[in-house]
Amino acid sequence: MLDLLLRFQAMDRRWVFLGMAISIVVPMLLPFNLPFKVDGRVQDLYDRVEALEAGDAVYISADFDPGSRPELEPFFRTHLHHLFRKDVRVVMGTLWPTAPPLVKPILEEIAGEYDKEYGRDWTFLGYIDGRELAIKSLGQSVRKTYPLDDRGNKTADLPVMLGLDAIRDFDILTSVSAGFPGTQAYVLQIQGQYNLEMASACTAVSAPDYIPYYQSGQLFGLSGGMPGSAQYEKLVYADTPEENRPRLAATSGMNVLSVGHMYIIVLLFLGNLAFFLTRGGKED
Amino acid sequence: MKRTLPILITFVIGVIMVGEFFIPHWRYRALTGELLEWGIILTAGAFILGLVNLIQVHLPTVVERGTDWGYKAVLLVSLAVTLAMGFSNGKQRLDSGMEVSFSYKWIFDYVYVPLSATMFALLAFYIASAGFRAFRARNAEATLLLVAAALVMFASVPIGEGVPVIGEYLVALKDWTLDVPNNAARRAIFIGAALGAISTGLRVILGLERSHLGGD
Amino acid sequence: MRAFALRALGLLVLLLALLVCGVVAAQPASDDDSAASDDDSASDDDSAASDDDSAGDDDSAPSKDIASTESAEVDAVTGEAEAAEEGGAVRSEQWFGSADTEEGVPWGYFTLLLLILTTGGLMLYFTKQAQAGKEMFIRRMPGIDAIEDGIGRATEMGKPVLYVPGIDDLQDIQTIASMLILGQVSKTIAEYQCELIVSCCVPIVREVADEVVRAGFYQAGYPDAFRPEEIRFIAADQFAFCAGTNGIMLREKPATNIYLGRFFAESLILAETGYLNRSIQIAGTAEATQLPFFVAACDYTLIGEELFAVSAYLSRDPRLVSSLKASDYLKVAIVTALLVGTILASFGNTLMVDLFSLTLPGN
């Protein structure tokens, strides 16, 4: 028995990987739905966006890449639906070079669903290099930072940019951020200096880092990882009939997340049980 | 002067950029805006240096059929093909059509996206193996770490929320853990790191730190 | 010191000239889209922009007939509304504080300026004391001691040391700190006649690392031992860099891995691969999200501000150690302010909050 426990503690990590693979694949093949509650941080984000009026302007910084798509793309899609539903002007830019091919088609697709016109209701400014320098430059002048938008049109001439130049001219800033440059840089360079209302959707690993910003009021809302995206989906589509809803990727992903988390917890429990029974015996 | 000039430039530019936080006057912002643009241009220009370095490091090994020359050849061929695709379609991005070419998009959609997602997905497996190996209740602190990790993981997902009777209390405890002790620790780390950053920044600006210039 | 001051003055004059050029370049042309110049300085104009006015202006169709020339004094209400309609960045005439405030400067700006000047002054003061021969205590940090032990281990095993300065750009302070440490580490590596591989994610960091390591080898007296091909730019993409660095670890099997700088999701992948290789791993970052992964997978982890103390600790240069002392005083001041502020705020007094606030009370 002791030998078995020692071997369990020192087992090849590939068994751990196999267990993880099974715990992810099985719930994807056999989906189930568990109810979940909405976090106060996500509720606040939804409420503030819901309070926007037609003609208000939102700057979205869509800073994620293929790796963080499962966590952030659902929020991004839902947020666009939410904004276009409110007839809000959407100006979007990105600081990640890998983001444009991901975010631009989504923006065009969802804008099309609401019959929103490019240049009048929305624009995509494209990618700008420079990271924090670019963010500082945005703070001073969006038009100067992006003299042309992604389609090569002069930013200043676009009707959607009417009355908008410095980033504080916007009503809110949404940072959909998978890392750096992202939410933290915007909080430091923009929110702190210009006191602009700002929300963030971030990966789950970053969410605990940004909770202090939410508590201090620097962020009016925070959506953390897939759970946050799923909660936001729940709020935005609460009144939408099921047949009219788009595919809710985060909501369906929550089941996989649940099983994955349970697997790790069980592994930790068994590992510690073996550890105690062998009194800290030989391990890897 | 070879060592003094960089220190002087660092000092003066550093003071100007620190001053930007305090001086909102448009004339001053015009100067700092100009400096920011120079910084953005330098950052973009440095990619050329990176490209040259990649070729310098890998090409000799391929030519001489050195160790792992095959991998290096794949890297160089991928680099060349992607660059060629990007450059050959670069002009398209300035036209009103604004569509990226099929080939460039193909590389992105069918090579880059799956590879990037795969690398990120590795984290799930590595977290499991690292957690299994490292999260042992050896002492009080380790036990606290283990319990907190398990609680937050469990209560963050619908399974934890749905536990009868205690589910909502677990969620409340999880929220408290994130909002109170987690915040306290992170704020402490933020403040400490920020003060360390101020100290390092001031050392560099004042010329006290010179090892990046080649020592004494 | 006098020569330094004179040279600094000369450069200041040069930059003043640049400033004038920048000002001239910033003058709006008549065809530009910049707004009519307006004055939002509270000291010159008592009238406040009314919310009703700006709300009304937002809804109305914009006038195309706005002259874009400067005007000496523009009423703040209409000037700001016109600027908003035209979309030009509102140009502040204030020389201190925030462009948003019309009624005064928040106390936070004065407090921050005082703290920065005090810290800088303390640094120079303690530097003078250190140069006069005063001993300055610095506590032992096992993680930093392990760097030299790790280099020794690598030398004995005949394997290289892998140094990863993070994945962020050179302008990040953690990367700067990492470069400063790399200078010390490369000097030690040269003295031990060990091999060093530096794996960089940003091209310009690679160039600086090249110079720093070259200087370190030169200082140690082994300039010929420096091999520029070991300072490698891997890829600008996070996971491509991670894959490339993992490849280096698996092929070249470094005995010691040093991760000092800013890391993100790749941290655990790097550390786990290094663990697989049985390398000694020393990590240091101020990125709180990645610290748990480094703690779980590495032998030594430097947390937060310890990263910024490494170069002083390794070099024992009196100037650097004295700057640590100055920043410690700043920490004491901040913690004291936090404690006093917490107590006062508990009784409803917002004095400390207002002292550090960057917005005016009530905003």
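Going in written order, the chains are labelled A, B and C, and every chain counts its residues from 1.
In this section, contacts are C-beta pairs under 8 Å (C-beta built on N, C-alpha and C of every residue); 3 or more make two chains touch, one makes a residue touch a chain.
Remember, it's a predicted structure, so these values are computed and weren't measured experimentally.
Q: As a test of understanding: of all chains, whose mean C-alpha position lies farthest from that of subunit C?
A: The chain farthest from subunit C, judged by C-alpha centres, is A.
Q: For the chain pair with the highest number of C-beta contact pairs, give its two chain identifiers.
A: B-C
Q: Which chain has its Cα centroid closest to the overall Cα centroid?
A: That would be chain B.
Q: Provide the C-alpha centroid distance between subunit A and subunit B, rounded to the nearest whole angstrom.
A: The answer is 17 Å.
Q: Where the centres are mean C-alpha positions, what is the separation of subunit B from subunit C, in Å?
A: 14
Q: How big is the gap, in whole Å, between where the Cα atoms of subunit A centre and where those of subunit C centre?
A: Here subunit A and subunit C have centroids separated by 26 Å.
Q: Residues of subunit B that contact two or more other chains, please.
A: 21, 29, 33, 39, 43, 116, 119-120, 127, 129, 131, 133, 135, 186, 190
Q: Send over the residues of subunit A in touch with two or more other chains.
A: Where subunit A meets two or more other chains at a single residue, that happens at 65, 67, 98, 131, 133, 140-141, 144, 193, 208-209.
Q: Which residues does subunit C have that touch at least 2 chains other than itself?
A: Expected reply: 98, 169, 171, 237, 239, 265, 288.
Q: Mind pulling up the subunit B residues that touch subunit C in the complex?
A: The touching residues are 4, 8-9, 11-12, 16, 18, 21-31, 33-34, 39, 42-43, 46-51, 53-54, 56-57, 67-68, 71, 115-116, 119-120, 122-123, 126-127, 129-131, 133-135, 186, 189-193, 195-204, 206, 208-209, 211-216.
Q: Subunit C touches which residues of subunit A in the complex?
A: Spelled out, the residues of subunit A in touch with subunit C are 55, 65, 67, 98, 131-133, 140-141, 143-144, 156-157, 161-166, 168-169, 179-180, 192-195, 203, 205-206, 208-209.
Q: Using the touch definition from the top, list the residues of subunit A that touch subunit B in their complex.
A: Subunit A reaches subunit B through residues 13, 16-17, 19-21, 24, 34-37, 39, 65-69, 98, 101-102, 128-131, 133-134, 136-137, 140-141, 144, 150-153, 193, 204, 208-209, 211-212, 215, 227, 254-255, 257-265, 267-269, 271-272, 275-276, 280, 283-284.
Q: What residues of subunit C sit close enough to touch subunit B in their complex?
A: Touch list, subunit C to subunit B: 4, 7-8, 11-12, 15, 18-19, 22-23, 25-26, 91-99, 109, 112-113, 116, 119-120, 123-124, 127, 169, 171, 173-174, 176-177, 179-180, 183-184, 187, 202-204, 206-208, 211-212, 214-216, 218-219, 229, 232-233, 236-237, 239-240, 242-243, 247, 251, 265-266, 268-269, 271-272, 286, 288, 291, 293, 295-297, 303-309, 311, 315, 319-320, 323-324, 326-327, 330-331, 334.
Q: Can you list the residues on subunit B that touch subunit A in the complex?
A: 21, 29, 33, 36-37, 39-40, 43-44, 93-96, 98, 100, 105, 108-109, 112-114, 116-117, 119-121, 124-125, 127-129, 131-133, 135-138, 146, 149-150, 153-154, 156-162, 171, 175, 178-179, 182-183, 186-187, 190
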